[in-house]
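Naming follows writing order (A, B and C), and every chain is counted from residue 1.
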Amino acid sequence: MNDVILLEKKDSHAIITLNASQSGNAYNEKMAAALWQVVQDVRWDDKVKAILMRSNGSLFSGGGDLRAFQRGSDQQRLPALVEDLSATLNATVIAMRGMEKIFISLIEGVCAGFGIGLALAADLTLVTENARFVAGYIGIGAVPDGGSSFAVLRALGLPRALDFFLTNGVIEGPQAAEMGLVSRLVSAESAEQEAMNLLDKICQGPSSALTRTKKVLIQGVSRSFSEYIEAERQGIIASAAGGELREGVAAFLEKRPPRF
Amino acid sequence: MNDVILLEKKDSHAIITLNASQSGNAYNEKMAAALWQVVQDVRWDDKVKAILMRSNGSLFSGGGDLRAFQRGSDQQRLPALVEDLSATLNATVIAMRGMEKIFISLIEGVCAGFGIGLALAADLTLVTENARFVAGYIGIGAVPDGGSSFAVLRALGLPRALDFFLTNGVIEGPQAAEMGLVSRLVSAESAEQEAMNLLDKICQGPSSALTRTKKVLIQGVSRSFSEYIEAERQGIIASAAGGELREGVAAFLEKRPPRF
Amino acid sequence: MNDVILLEKKDSHAIITLNASQSGNAYNEKMAAALWQVVQDVRWDDKVKAILMRSNGSLFSGGGDLRAFQRGSDQQRLPALVEDLSATLNATVIAMRGMEKIFISLIEGVCAGFGIGLALAADLTLVTENARFVAGYIGIGAVPDGGSSFAVLRALGLPRALDFFLTNGVIEGPQAAEMGLVSRLVSAESAEQEAMNLLDKICQGPSSALTRTKKVLIQGVSRSFSEYIEAERQGIIASAAGGELREGVAAFLEKRPPRF
C-alpha cells in the first residue's frame, strides 16, 4: 500500500484512512490512483463485509488538487488531465455504489468538491458537528464531478441542490443531517467509536440481504414503481432461497440472536 | 367477505379494516388473498370514489407472518412460498397505486415490514403520534418487499432510506410527518374523525380530476421533465373536455360550491 | 414589448416584471403570449447572463384566467382553449429550464396554480414570509399544469405532493423554504435587494460552468447514477477545455478574484 491512503483490515471489516492532510486530501493522479487501488482491494476481498472510510485529521477532502490543475494548465493539457482524473474518480464511486459490501463514511471536517461525491457515495454517512460540505466548483469555474451533485440533488431536491452548486454554498454537518443529505449526526467526541460500532453491527448482519437491499435502493433511484417492486421481489425470493431468511425467521421465533 | 379483513361501503366510499390483530395483521397466503380480494372489489366498483384503510386496534401490520414462513421452511418450500406471496402482495400495491380512486390510509400504531409498503401505497397517509414504522427486514435476513423501500426511498432520499433499511431502523409517527414520509400527523383522539372527514371531502371532489392528478404524480416519479409536463397537459385538457373544469370555473365565478 | 409583462435589461442581466396585478397576473392567451415573448427574448439575447422574474405588487400569479375559461366554455371551445394555452405555457417553462442562463424568481405573495409552475421553473427561487403557494386546481375541477406538480413532487416527494394537490392545499413561504420547495427565504423588507444581489453575483460568475451545472442537475432528475456522473464528467471536461477552470484555478492560487 502507500502512505497517502491507509488500508487496514481486521476480521470482516476494512478501514480506509485518507492520510494526506498536509496536501488537503486533494485529488491528483497519485491520490486518485491510490484511492482506486484501495477501493478495488476491498471490493474483491471476499473476507471484507463492511468498510469504513475516514480521514486522519478532521479534513475529509479539499476536492481536486488545484496545484496539479495549475501544472496541467501550464503544460497546455488541463482538459486531458481532467478527462483522465475524472475517469478514475468516476470508476471509484461506481465501484463503491456497486460493490456487494456496505460502505460507511465518517466526515469530521471540511468536505469540498469531489470530497462530497466521495463521502456521499458511501451507503451510510456519519457527520459530526464540525463537518462542512463546501460546493467550491463555481468559485473555480468548474462543474460538479464524481457524483457530488447526484448525491445532493437526489437527497435535497432541485431547488436546494441548484442553490448549493450555483451559489457556491456551504452546508454544515448538523444541517446536512437535518435535511437528509447524510444518514446521521454523531458527536465529535464519540464519532470514531460510533462509526466502529456501526461497522461491527453491519458485519454481524446478513451479508446477502444487506447487499441486496443496498442494490435495490441504489439501482432504484431512477426506476418506475413497477420495475422497482419487481426488483425488491427478486431480492426477497433470493433471501428465502439462500438461507438467510430461514435462519432469521427461526432465530426470531426461538427468541435467540440469528447467526448469519 | 371474510373476518380477517372487513369491507364496508356507504354512499361513494369504502372502508377496509385490517381485523386480524391477534395474529398481528401479518401477511400469509390467507391474509394476502383476503387483502387482494377487497382491493379488487373496491377497485372495480364504479360507485366507490374513495377508500379508507385502517386497522381494528392500533396495530396496522406486523409485516410477513413469520410462523407461516417457518412452516414453509420446515417443508423445504420457503422460496416458493415467498415467490407466491410476494406476487399477490405486489399485485395488490400496484392495484392501489393504479386504481382510479383515491386511497387513504390511517396508521395508529406499529407498521412493520410489508405493512410499510401497504400503508404507503395509499395516496393520502395519516399517522397518529402512536404510529411507528419498523423496517424489520434485516433483522430476519430479508430484503424489503411490497414497495416499502420504494416509498421510503422516494420520500426520504437515499441516505435516510439506506440507513433505515440497512440498520433495521424505526421511525415514529411525528418524525414520519416531519420528514415527509406520510401526508399528515393527526391526533390519536380525533384520528378516525379526521380520516372520515378527509374521505368525505374527497368524495365531494371532482372524481376525474382527482384520479388524473393521482396518475400524473404517481406515474411521474421516474419521468423526465418534458415527459412529465406533457402528461400533466393531457390531464388538464381531459378535465376541460369532460366537463369538470367547466363546472368548477362556473361555480367559482358564481361564488357557489361546485357540483362535481 | 407590452404592458402586462415588463422587460428591462441592464449590463448582463434582465428583469421580467409581471405587471397585470389588476387581473391577478392570470394567464389567458394574451398574457401567455406576452410571457412567451419575453422568455424567448431573454433566451436568445447573448448579452443576458441572468434573469430575475418578479411581480409588481405582491401577487405573483393567480394561475389561469377563469374569466377567459368561462368565455371559452360559453363558446363550446374550452378544451381547445386549454389545449392551446397549455402548449404555450409548457413551451415557456421548457425554455426557462433549458436556457443557458440562470433564471431567478422572487415570490412575494400569492402564487397559485400555473403560477407555481412558473415560479418554480426558475433555477433559484426566493420567497418572502408573505409568499403563499395555493394549489387551486382541484377546487375548479382541474389537473396541475405547466410543471407545477413536477416541481412540488420532485422537491417534496409523493406523500406531501399528493396531499397538496388532492386536497387543494396551501403552503406558506417560510414552510416552503423549510421543506425545500424553494431555494431561500428572504425578508419582505430586503427581498428586492437580495434578489438584485444574487443576480449580480450570478452575472459575475463563470457563465459556461453555471449553465453546464444547471443542465446537469435539471436533466439529471430522471437519470440513473451512471448516466448522471458521465454527464457531470463531460461538464467538467468542457470547463477545463473552455478556459474557465484554468482562470478559476489561477485566480485561486494567486489569491485574487477570478475574471470569468
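The rule we apply is simple: a contact is a pair of C-beta atoms (placed from the backbone, for glycine too) under 8 Å apart; a residue touches a chain by one contact, two chains touch by 3 or more.
This structure is a prediction, so every number in the text was calculated from the model and none was measured.
Engineer: For the two copies chain A and chain B, what rotation in degrees overlays their C-alpha atoms? Round to the nearest 5.
Structural biologist: Angle of rotation between the two copies: 120 degrees.
Engineer: Taking shared residue numbers divided by all residue numbers at the interface, is the value for chain B and chain C over half (same) or under half (different)?
Structural biologist: Looking at both copies, the contact residues mostly diverge.
Engineer: Report the inter-centroid distance (CA atoms only) between chain B and chain C in whole Å.
Structural biologist: Chain centres of chain B and chain C, defined by C-alpha means, are spaced 33 Å apart.
Engineer: Got the chain B residues that touch at least 2 other chains?
Structural biologist: Correct list: 156, 218, 221-222.
Engineer: Can you list the residues on chain B that touch chain A in the complex?
Structural biologist: Chain B residues touching chain A: 66-67, 69-70, 73, 78-79, 81-83, 86-87, 90, 93-94, 97, 137-150, 153, 156-163, 165-167, 179, 218-219, 221-222.
Engineer: Name, in rising order, each residue of chain A that touches chain B in their complex.
Structural biologist: Result: residues 102, 120, 123-125, 151, 154-156, 180-184, 198, 201-202, 205-206, 208-210, 212-214, 216-218, 220-226, 228-230, 232-233, 235-241, 244-253, 258, 260 of chain A touch chain B.
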